[in-house]
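Heads up, the next two complexes both have chain A, just with different partners, chain B and then chain C.
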Partner chain A sequence: MLRELINKLSDPIISFPMMTFAFYLMLKHYKTVGTKKFAYWTIAILIPVIVWFLADPNFFSIIKTPDNIPIIILLVLVGFFTWFWLYKAALNDTRIEEGLCPIEATPEEREKVWVWPNLVYTELFAIIACTAFLIVWAIIFKAPLEESANPTWAPNPAKAPWYFLGLQEMLVYFDPWMAGVVLPGLIVAGLIAVPYIDTNPKGNGYFTFKERKMAISAFLFGWLVLWVYLIIVGVFLRGPNWTFYGPFEYWDFHKVVASFNINLSEIIWIKMLGTGLPKNLVVREIFGIILSLSYIIVIPPWAAKATKAGRKLIQDLGVTRYYIFMFLVLMMTSLPIKMILRWLFSLKYIVALPEWELNL
Partner chain B sequence: MSGKGIAQKVRDTQVWKSIFRHGPPDNARNRAAVVAGNVFLHLHPIKLKKSGVQLGYTWCMGGLTFFIFLALTVTGLLLMFYYRPTAEYAYNDIIALREHVPLGIMREIHRWGAHAMVITVWIHMFRVFMTGSYKPPREFNWGVGVILLVLTLLLSFTGYLLPWDQLAIWAITVGSGMAKATPFMGNAGPGAMLARIGDFVMVSDKNDVRFQLLGGRFVGEPALLRFYILHCVFIPLVVGVLIAVHFWRVRKDGGISAPL
Partner chain C sequence: MSFDSKQSLNRREFFSYLTVGWVMFTAATSGILALCFRFTYPNVNFEPEMEFVAGTPSDYPAGVDERWKNSYGVWMVKQEGKLIALSNICTHLGCIPNWLPAELKFKCPCHGSGYYMSGINFEGPTPRPLERFKVGLQPDGKIKVDKTKVYRWEKGEWDNPESFLEV
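Entry: the complex of A and B
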């Protein structure tokens, strides 16, 4: 019963909005989350839940694959460090509200200390701990080796290495030219651009949330929800044919998921206007083209005029930075938008031009 | 003779003095000399702000990434003694490695270490973002870091193919398949059909970016050789150079960031 419920809830249709909401709550109440008490309670609740999860044979058979161990480690580290950042940020923000300086700026912390022995011994300890960890990991888990390469027989599902599974998961919503080329390229370009876009001088050299809310929220949403969460979906919840499987579900090759996704042009010309698809490609896709272009071209100037946040942003950043920032943010949010359109309207492509390999 | 006496005797030998040019690091002068006189330790400054030394600030993730990179270089070098990058030998060499090499955990350390490096580099970037360390004067070093992040992923990705098993070729088939959708440069990418002169197709599966990457139209022996060279020589060299730049800039930009 409970397992079936969890299987249902894990479906991205539900778990993605839940994650987004949890993310929002975490930032909204970051001072509550960033306390030791919260951490202890979370651990106390999580341990029995994890044990209960592991007791399930289907879940266990996915978890125990040696190549999935790194993802567990990633999750533990991301969880811990996200909390740890909140903890540090909450301490500093409370101090700043009280008119004090951040902890990193206190005279005691600014004091210079000798690298030998202070830093050198910390490093030595870290190296030894890391070596020990790798050796133990290597002894417990043998590096897997499957059958010899066979170009004529593809395993199902064929998955990319785990760190690219967020991108592979995007293939559900975007064609390869977007999910595999344009969006990854924009992630890299956008990351490099970060220091040149973010002109806020505050929060340099200490942990804080309050002083850099916008920058941190945008970055964390991309990192925690769009990157880490999608990797989890790709690794644990996608089985044969990239079909969704709940964590307690057996990967049954015959699970059939009916999909009747439909393009925007079909919705408009066939369903709404009842005229059938026009022959001319551009006319056929005109609504999608206008919609996509206006998403990128109309929203930024509109927001800069009509919304309070937009007016402030363009004033703070200047025109060039503002438009680059908006472009990057809109490209990032295009993924959740495409997801929601898929779930609500079974929408396949907004612009469907397979004749030109140009589907959006 | 007491333990201290022996230690003093050793310190007084010509051999010891020829290696360590300073006395024990128990006073200011010698502590500076230890760090400045050692080629490895002199990556560090001699003194640092206290906040920059603390685990709670740096999370030690950049340092661990570097250490794992070194560990991967050493274990990878050992693996190269046993491994031949051809379709005929590659898979069998890996089997031999696990069955005939005594105490063989080098492949395990190399594989799990590669995963670990991807994780630590991500967390390092997460930390750098959270302390706002990309802000002036460190903008450029953040950019160097992003390139290092991409190269770390590519190192891991190229290594994934080398065991030449089903997991390897199909993961690389999926991953490299994206390249054929590159706009204008991949045969199934938008814009490729524009590059036609009459019946002559300029961007086809015989010359697009995917073909250049794999040395063929599918993941076969030429791809194995290309990935091997990228993995063992080319990318590690570039990463090595960029890490040098990265560390140099950490120092030149004023050391670990701290409140202005």
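Entry: the complex of A and C
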């Protein structure tokens, strides 16, 4: 019963909004989340839950796959460091509210040490420890040696390396040209652009959330919800034929999921207007083209004029920075928007021009 | 005096040396580039032949036949009086879909794209149907599949008489 409920809840249709909401709650109540008490309670509650999860043979068989064990370790690390940052930021923000300086700026913390030997020795030790760990690992969990590559056969499910599974999950909702080239390129370009867009001088050398709310929220949403969460889905919840399988579900090759996706042009011309698809490609896709262009071109100037946050932002950043920032944010939010449209309306492409290899 | 003038180059000599040097540099560079370019072409090609003879039309029962899938990457589909040679490369990102006989569909293991038996896409992210190859009858009554000629649905090429065989 409970297991079936969890299987249902972990479907991205439900778990993605839940994760987004949990992310919102985490940042809203970061002073509660960022306490040791919260961490101890979470661990105390999680341990029996994890044991109960592991007692399920289907869940255990996914978890114990040699490829998946390092991913689990990394996920634990992501969780720990997110909490650690919240903890440090909550401490500092409380101090700043009381009019004190951040902990990192107190006289006892300001003492300076040399890179050599203090830092280099630590790094050397970390390198040796990591290498030893990896050697032991490689001996215990052997990498599978599979048959030689065959261009006319693919494993099922065919999974990318774990760090690209977020991208692979994105590709379920996008054209390869978008999710494989444009969006990853924008992630890289956007990360490079961060220091030029972000003019807020605060938070330099100390943990804080209050003084850099927007920057941290935007980055962490992209990182935790759009990247790490999608990796979790791709690694643990996608089985044969890239079908969704709940954590307790057996990876049955014959699981059938009814899905029938249609393009926006088909919804409008065939379902709503009752006419066939127009012959002319641009006329056929005109609604999608208008929608996509207005999403990118209309929203930023409108937000700069009509919304309070937008007015403040364009004042703080300046016109050029503001528009670049808005473009990057809109491209980032296009992913959840496209996912939700797929789930709600079985929408395949807003603009579908396979003739020109252009599908948005 | 004469010794000094021997040591230094005059303008004409300088340019001739420069020309010789530049020509040699260009020749060496283009030689290296040509070798690199040659290196991109393998000595032995393990890819399947682009043309093959696929038996007679009566060899195929109605439905999807997978006998050429692993060797040539082609499904022979007999349906509604037509025999077609369907490419087994997903039009989304080039994975190899599987034929699921129980569900009567091709399903890609990479991102879940689904196609009907005819090759028309209906689920998942794939933007266009599977491609069809040229099929024709040889004088001896055997089918010849030519993978160099591709017919795409969205370009209206599936009506082309070379893209199917009447059976």
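As a convention for this text, the second predicted complex is superposed on the first by the 331 of 360 C-alpha atoms of A that agree within 3 Å, B and C clash if a C-alpha of one lies under 4 Å from a C-alpha of the other, contacts with A are read in each partner's own complex, and residues count from 1 in each chain.
Criterion: contacts are C-beta pairs under 8 Å (C-beta built on N, C-alpha and C of every residue); 3 or more make two chains touch, one makes a residue touch a chain.
Only a predicted model underlies this, so the values are computations on that prediction, with no experimental measurement involved.
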First (chain B), second (chain C), both or neither touched by A:Ala158: both
Touching partner for A:Asn150 - first (chain B), second (chain C), both, neither: both
Chain B versus chain C as contact partner of A:Gly99, first or second or both or neither: neither
Which of chain B and chain C A:Gln168 touches, first, second, both or neither: both
Contacts of A:Val120 with chain B and chain C, given as first, second, both or neither: first
First, second, both or neither for A:Asn241, with chain B first and chain C second: second
Touching partner for A:Gly274 - first (chain B), second (chain C), both, neither: neither
Which of chain B and chain C A:Phe260 touches, first, second, both or neither: second
If touched residues of chain A are counted for chain B and for chain C, the larger one: B
Which superposed partner A:Val188 touches (first chain B, second chain C, both, neither): first
Footprint overlap on chain A, where chain B in one structure and chain C in the other make contact: 150-151, 153-155, 158, 168, 175-176, 180
Chain B partner contacts - residues on chain A that touch it in the complex: 67, 69-70, 73-74, 77-78, 81, 84-85, 88-89, 101-105, 108-120, 122-123, 126-127, 130-131, 134-135, 137-139, 141-151, 153-155, 158-164, 167-168, 175-177, 179-182, 188, 191-192, 194-196, 198, 200-208, 212, 216, 219, 223, 356-358
Touching residues on chain A, where the partner in the complex is chain C: 150-158, 168, 171-176, 180, 240-243, 254, 256, 259-261, 348-349, 352, 354-355, 359
Sites on chain B touched by chain A in the complex: 25, 28, 31, 34-35, 41, 44-51, 53, 55-57, 59-60, 63-64, 67-68, 71, 87, 91, 94-95, 98, 105, 107-113, 115-116, 118-119, 122-123, 126-127, 129-136, 138-139, 142-143, 146-147, 149-150, 153, 156-157, 160, 163-171, 173-175, 177-183, 186, 188-193, 218-220, 257-260
Of chain C, residues touching chain A in the complex: 47-48, 69-73, 88, 91-93, 95-96, 98, 100, 102-103, 107-112, 114, 122-125, 127-128, 154-155
